[in-house]
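Since the structure comes first, as structure tokens, the remarks are kept for the end.
We call the chains A, B, C and D, going by the order they appear; numbering starts again at 1 in every chain.
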Amino acid sequence: MAIVLGANQYGKAEVRVVHVSRDGGTHEITDLNVSVTLSGDLAATHLTGDNSGVLTTDTQKNTVFALAKEHGVGQIEDFALLLARHFVASQDAITFARVTVEQYPWERLGGHSFARSGREVRTATASHDGRDWWVRSGLHDLVVLNSAGSEFWGFPRDRYTTLAETTDRILATAVNASWRHAAVAGPGHGGTDWGKSYAGARDLMLEAFADTHSYSLQQMLFAMGRRVLEGRPEIAEIRLSLPNRHHFDVDMSAFGLANDGEVFYAADRPYGLIEGTVTRDDAPPPGKAW
Amino acid sequence: MAIVLGANQYGKAEVRVVHVSRDGGTHEITDLNVSVTLSGDLAATHLTGDNSGVLTTDTQKNTVFALAKEHGVGQIEDFALLLARHFVASQDAITFARVTVEQYPWERLGGHSFARSGREVRTATASHDGRDWWVRSGLHDLVVLNSAGSEFWGFPRDRYTTLAETTDRILATAVNASWRHAAVAGPGHGGTDWGKSYAGARDLMLEAFADTHSYSLQQMLFAMGRRVLEGRPEIAEIRLSLPNRHHFDVDMSAFGLANDGEVFYAADRPYGLIEGTVTRDDAPPPGKAW
Amino acid sequence: MAIVLGANQYGKAEVRVVHVSRDGGTHEITDLNVSVTLSGDLAATHLTGDNSGVLTTDTQKNTVFALAKEHGVGQIEDFALLLARHFVASQDAITFARVTVEQYPWERLGGHSFARSGREVRTATASHDGRDWWVRSGLHDLVVLNSAGSEFWGFPRDRYTTLAETTDRILATAVNASWRHAAVAGPGHGGTDWGKSYAGARDLMLEAFADTHSYSLQQMLFAMGRRVLEGRPEIAEIRLSLPNRHHFDVDMSAFGLANDGEVFYAADRPYGLIEGTVTRDDAPPPGKAW
Amino acid sequence: MAIVLGANQYGKAEVRVVHVSRDGGTHEITDLNVSVTLSGDLAATHLTGDNSGVLTTDTQKNTVFALAKEHGVGQIEDFALLLARHFVASQDAITFARVTVEQYPWERLGGHSFARSGREVRTATASHDGRDWWVRSGLHDLVVLNSAGSEFWGFPRDRYTTLAETTDRILATAVNASWRHAAVAGPGHGGTDWGKSYAGARDLMLEAFADTHSYSLQQMLFAMGRRVLEGRPEIAEIRLSLPNRHHFDVDMSAFGLANDGEVFYAADRPYGLIEGTVTRDDAPPPGKAW
């Protein structure tokens, strides 16, 4: 019996970089949170402290800033691909890189003036092993609520079941989604219009949420995922994680009041958590995308 | 020498109430976080545990739900006034009530479908002592950024000063503001159109932020406050708390790159914090508004 | 009618400084979060952007680091006094300084090895106006729970009251306390042994919490405050803010189980919030301590 | 091409249950956060909204409370096993359950009085597929710091590398660890003394942290993992995730001060993140443990 090193990785997390591009008096800003994860031949540093293969996380941070300067940022999928290629191509010890970018949305107030728009955070993750490329796009914290069109009944009842069946409840969730693109070329090879693809997928999820009469949050999850795959052929698979943000009817019978679906208590914890994958049956294998 | 009870208050904090109003297939939702603070003749419970004057915080919570049902919510200033009056009017021991309401914004996706809009949180605080009324409106977490039109120079330099002067920096902040209304009647007496007043004040702050060329965040604070008072005669005084969300130029000279105001590092801590009041010189006294 | 500048202040918030002192192989670490607030003759920067009186918040940050190097940190009350004096004494425009320090506790694992001890965060606030000195000490996030010895009954019942009376409940809170010292000389003039005073006050609060049979959280608040003042003559006044961390009995009657005070649900929101001051009737006036 | 449902699971997250056991005047409290994840034959609810196989998350919450009442809690590994067995054994549609429990530590102040001890949060995860059992134990938020005995040099330097080599730096991290037990019988079959095993593993990690002279955080990770496996034969594998909580020397040369390893700035973001597995080469296969 020996004690050995297993899977391992390292990197710099949460590099907060803001890029400003200027076209006369009209500016554009791109506000990002970039995290880098590298793996490869890293046994030496673990076993002996020999760091000759360890590109420092400080350098990774500097590289995020430098590549933003040299290439601009553009679509976050492209920026993630660029960074992933850089680390694998330039470091012998590094055989795999995964770069995740979060983008915070801003609205324009004026030529060089902006207000943060708090709706969803857009995400992209690019992975590269020196030969193949994988890209996921996604979002988190897209909070949505249906005040009608949601039922929940027909579930099994055991000794501990007290929940009443309902044909009219509030359904609310914070959408966390990540979808895998079917075919990805390396940086600079064109292909998907990332911005259009992202906006399309997001809008399809919102449409599905708004027009699906649901009998469970699982059903809503599948409906949202299916809608994205139906409408966006470039997307092979989507994974959703949907916390059920419970809104409970307040029982006012003790006050002599009938609460007819008007007043709800928004609970924090505990919460249901519904997670699932929707995919094409002929999707290419996921490889190292996730 | 004796040890005595000084100022004291109590209440229920953060009652998360969601109100749905239905007009056929079109719903409206109001999403609130309500906190109640009461004070009065409360020595007995502190000194002996005699709770005969202590309206329980559980009852306060129930009251928030019940009044939302009985009266609807409407503008949050009105709902806060209604609650403040209720507690002072109905409880002998309670001589002062302050009710603070936060409102989370939502956008419509469909007749009964909504997405949370993350920009700012609107706030209202109503105070009542049995005779007089005070109302403050406000907001927090309105994050804004100017990528030009901000300078900072001419400050004193002492032994510990290393900051370079600049005629071009990013200015970013998360606006926290609360403004006091000049004259307030009790609930149901009309007067201010709270929704219009709020939207007006917010828009004036955004306009001032976007069109002010600033030499300090303090100057921006005063400009924003003055703009609100100039445009909204119903507002007597405004207090702003502006964290300076520093965006530092990344020095890339070590990489042989010139960073010409393109790439910035968004720092978390520490941060400057600029706080100030802008008021009319003939404003009515604040009384118990704050 | 004119629009004028009212009260204002500014400073650097949350400077995270860690000081290491070395005595051979045995180290001591002091882990602080320092916030500075300055006020004085600051109209010019607000009205015209003239920054000639504005010691930059960047310099304030540097000063925190430099004074930690030049003087060490020692007790946080002393470090706060030192910083407050520095800013008022060295800057003509600054007539008042308030410095707040949070200290995170660590336990020793070895000569130079430490584990963060998560119990409470110790705090100190020193204020100085060029002539007088005020010091407050305190703590926050000291979470305590009594599983017996807490009753709550005898409260008024109105239309909205549903809470049952109880002679046996869990009482839990996160103690936030700040206490004002009666007489304070400037930095370096001796006087209070701050470390001993702090430990004494904290221990007295914990003792009072553990041995008080309570009928309300208000009663517990007063008991804790009184105990501190009885035992620490150097303390003139204490203010406590006690969130009621509700632990609700889970009703298991629907499962055919009797829950006899064994299983509780720890709720997040809403929560009661009890706030009060306990003081000596001959306490010196608070001046600018708060 | 068809769009199909892929992997999916659901459950109730973050059930905050507090258990009190009474032995005369001396109480014991157990403070838990329990999350349940179930999977199995759940296609119907996703595809049609047929909930006949969906044990509601509300029932899962009730079950956590009920089993705490009926069986007590004891060691969290046992409680997690008990819950996992219950869901798989009692629900035809559920073929796999994973239950994760977080335990918050408390110190005794008196017979029924306690203070929350903020050091680490203990965790346990039990998984069950109807036949086999897997248990992981672990902890998170164990924050440790070495003020000596840490070097970092010999790393590659590329165009973007500016970090100086050092033979004396602060090394600090928040340990997040999860370790897999080699052989697990179902609930109630004895075997591992979970409490002793947990305390042993934690203490071995702290010892390794305190007495390892490190050349990289990766080396420290491996040393901590190896120490646990050497000392605890019941543990087959350990995975650690170690954020590098950077403490940067403050450069005071501009103030004419030499900072000789005394004053550090504790940074928030970005941070290095070092993750790795240490395992026995003859460890049993992980199955569905992770």
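Note that a residue touches a chain if its C-beta (ideal position, glycine included) is under 8 Å from a C-beta of that chain, and two chains touch if they have at least 3 such contacts.
Just so it is clear, the structure is predicted and the values come from calculations on it, not from any experiment.
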| item | value |
| --- | --- |
| Remotest chain, chain A as reference, centres from CA atoms | C |
| Result of counting contacting C-beta pairs for B-D and C-D, higher pair | C-D |
| Angular offset of chain A relative to chain D [C-alpha, multiple of 5 degrees] | 180 |
| Centroid spacing, where centroids are CA-atom means, of chain A and chain D in whole angstrom | 23 |
| Approximate Å spacing (C-alpha centroids) for the pair chain B, chain D | 39 |
| Averaged-CA centre spacing for the pair chain D and chain C, given as whole angstrom | 31 |
| Residue numbers of chain C (touch at least two other chains) | 16, 62, 66, 159-160, 162, 255, 268-269 |
| For the chain B and chain D complex, residues of the former touching the latter | 159-160, 162, 254-256, 268-269 |
| Contacting residues of chain B [partner chain C, same complex] | 1-16, 35, 37, 42, 45-59, 61-63, 66, 90-91, 151-163, 214-216, 218-219, 221-222, 225-226, 229-230, 237, 239, 243-244, 269-282 |
| Contact set on chain B toward chain A in their complex | 16-22, 25, 27, 29, 31, 62, 65-66, 68-70, 106, 109-119, 141-149, 170, 206, 209-211, 247, 250, 252, 255, 257, 259, 261-268 |
